[in-house]
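So that you can tell them apart, the chains are marked A, B, C and D in the order they are listed, and the count of residues begins at 1 in each.
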Amino acid sequence: MTLLPAAPPKVVEEIAAFGRFAASRGWVPATSGNFSCRIDEFRAAVTRSGIDKGAIGPGDVAMLAIDGNVPAGMSAETPLHLALYRDDPAIGAVFHVHTVAGTVLSRREEPAGCVRTDGYEMHKSIGLTTHESTVEIPILPNDQDTVWLAGEVSRRIGRAAPVPGFLLAGHGLYAWGATAADARRHVEGLEFLLACHLEERRLR
Amino acid sequence: MTLLPAAPPKVVEEIAAFGRFAASRGWVPATSGNFSCRIDEFRAAVTRSGIDKGAIGPGDVAMLAIDGNVPAGMSAETPLHLALYRDDPAIGAVFHVHTVAGTVLSRREEPAGCVRTDGYEMHKSIGLTTHESTVEIPILPNDQDTVWLAGEVSRRIGRAAPVPGFLLAGHGLYAWGATAADARRHVEGLEFLLACHLEERRLR
Amino acid sequence: MTLLPAAPPKVVEEIAAFGRFAASRGWVPATSGNFSCRIDEFRAAVTRSGIDKGAIGPGDVAMLAIDGNVPAGMSAETPLHLALYRDDPAIGAVFHVHTVAGTVLSRREEPAGCVRTDGYEMHKSIGLTTHESTVEIPILPNDQDTVWLAGEVSRRIGRAAPVPGFLLAGHGLYAWGATAADARRHVEGLEFLLACHLEERRLR
Amino acid sequence: MTLLPAAPPKVVEEIAAFGRFAASRGWVPATSGNFSCRIDEFRAAVTRSGIDKGAIGPGDVAMLAIDGNVPAGMSAETPLHLALYRDDPAIGAVFHVHTVAGTVLSRREEPAGCVRTDGYEMHKSIGLTTHESTVEIPILPNDQDTVWLAGEVSRRIGRAAPVPGFLLAGHGLYAWGATAADARRHVEGLEFLLACHLEERRLR
């Protein structure tokens, strides 16, 4: 494994703070999920594989070249993070979590290709200016070939996506933003929409 | 932006304490919600826009004139808070949260104009003297024109409302009380009624 | 109001510890619930009315005569606590909470007079020796005349009840035990049974 | 009771840390659940009976001979832990919890003999290499004769089981791993699968 420089302490703390929040909500069970923050045009800090996301320390975050290969010890999903940074220079942080509502809906509504919500005030948390709008959270197929999957992300999501997140079917939610605070707000906003949508489906 | 005096530390702490509680319950996702306390006949302290409601500090709360305009940096929903203080001198605190049960029911039962509950002991938490009573939590339409919406609140809710709260459709719950403790008790009591009512609807 | 001696610090802390636990679970919303511990044959320590059950301090617990009248400032439900201590000398602590599952089932199954569960290992937490058993959690009608209601508790529950708890319809769960630890175990065991039973009803 | 040596502090802390986590999730209600870690080929540290699993201290964990008898003061389920260590030398920790989803599904799907899940990314948390797989979590009958039950565990689970856990019908989840961290990951992964599966059953 290439010797990598340590991530800046401020960035490690931003990632660790989101990890503590996500763990308190039960959104990163079984060491699942992974988080990253852009350092600059060329580099990003990414969580290593297999760590408890509720107790991230300096040794749990690695610095990677956005255009480079993924070194050993990193999550298999690292290519998805790097593809998002490559494709959209406005993205500063990417957070991936596993929630029950997101996982169930990503399977149930995969044939439709998205989870569609209408009329929620919470649409404003992901950048819309009014609740009088429709949000389509894309559902991509899951695949263990994450280099192929990163290509799908580039093809389907690309730059300036209308919704700052997508679901992988049977897998979980990716969301991003210009800053770690924006990415967290988008994770929370999308998860709230998914939780409400699942409740509404139960009432049918 | 007009230079505003700082809110008294005791009031900031009352608002921050409710924020920590609401965040621990998951009721203010994605920086949603906003909270206020009346200072006197003319002024109220109101949370600024876009802040993490689980970590409110002195800089996150602004002092506003109840009869004045809403300065920049405040939430678009500030006019609703001010209308409640103007209309009912007995109101000392207003808390607005986004819960899954409240949001789902506010959409599902909007045609009825209210969520109606019967026979719960929890009715006593919102000022009734017996469970042998009916509670109607009004559902108002949501609107991005919050000055118009504040007018609707004045028209529909007004002074001495029988229930100390209402739902905005697809949006969330407003509740109030003479003190911050009363407003918190009303938020908790109404949310419990909404959670029970949603469970009962699932069993149908 | 009669001047009452303070409750022993150890008893206050036992009650406060249960209160913190119950509040963390969301089982005492809106200052609901009340808790008590027997001091001796003649006296019990009981929480005062209207306090935040997650932050109980020495001033929030009063000493009462088990055979005496209920002084001002005490919860209207105090007579139910005292009746349980009078009727069964083996009872050392009584905890009353408001949970969503208990409230919904207490309304839905009131016509049957009880919530009946079969075959759960959790039956052992409330004193049974095997899961091959049936538990019937009694449902009593709710009533604002708590002196009358205390009489119903004496008549329906009495000494050495087979299940250490009951539901008040539309109101909540009472449970008790020889010690505060036993009463807490019974609250937790009964609430788990109620939560499982409600899930099973949803699947029908 | 035989005088037993104390468990090593590091092992007590590993068990206590899992206990705090499980209690925070509500997975060990009413002092239910029990946890153990292997010390070496011959001995294991096991939690004593009837303790609060969220506050485990040195006196709450006993050292037992894996091939020996179960001394007084230990949980009736201790034989199941010892059987797992005897049958599979690769097992280093065994955690048993009571969750609502696991309990409900263990009853509802007992006729099928297992809970079967397909296509979840979370399958990878329990040792599979791809989501394109089927997981069958065995459901064993519950029995108060835990020596007989331990024999069933040996017969049905044995060495190198394809899934590192099983359900006891109406009772709860057992899961294990080479280390305490692995066993926790397996508990979390299996519980997530059970929670998702229960949600999907509700949507049918």
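Remarks
Just so we're on the same page, contacts are C-beta pairs under 8 Å (C-beta built on N, C-alpha and C of every residue); 3 or more make two chains touch, one makes a residue touch a chain.
It should be emphasised that the depicted structure is a prediction, and the values quoted were computed from it without experimental measurement.
Looking at chain B and chain C, no chain is in contact with each of them. The most distant chain from chain C, with centres taken as the mean of CA atoms, is A. Counting the residue numbers used at the interface between chain C and chain D, under half appear in both copies, so the two copies meet with largely different residues. With centres taken as mean Cα positions, chain B sits 31 Å from chain A.
For this pair, chain B with chain D, the centres built from the Cα atoms lie 44 Å apart. Under the contact definition stated at the top, the residues of chain B that touch 2 or more other chains are 202. Residues 26, 29-32, 52, 98, 100-101, 103-104, 107-108, 142, 144, 168, 170-172, 198, 201-202 of chain D are the ones touching chain C in the complex. If you check the complex, the residues on chain C that touch chain D are 25, 119-122, 125, 129-132, 181, 185-186, 188-189, 191-192, 195-196, 199-200, 202-203.
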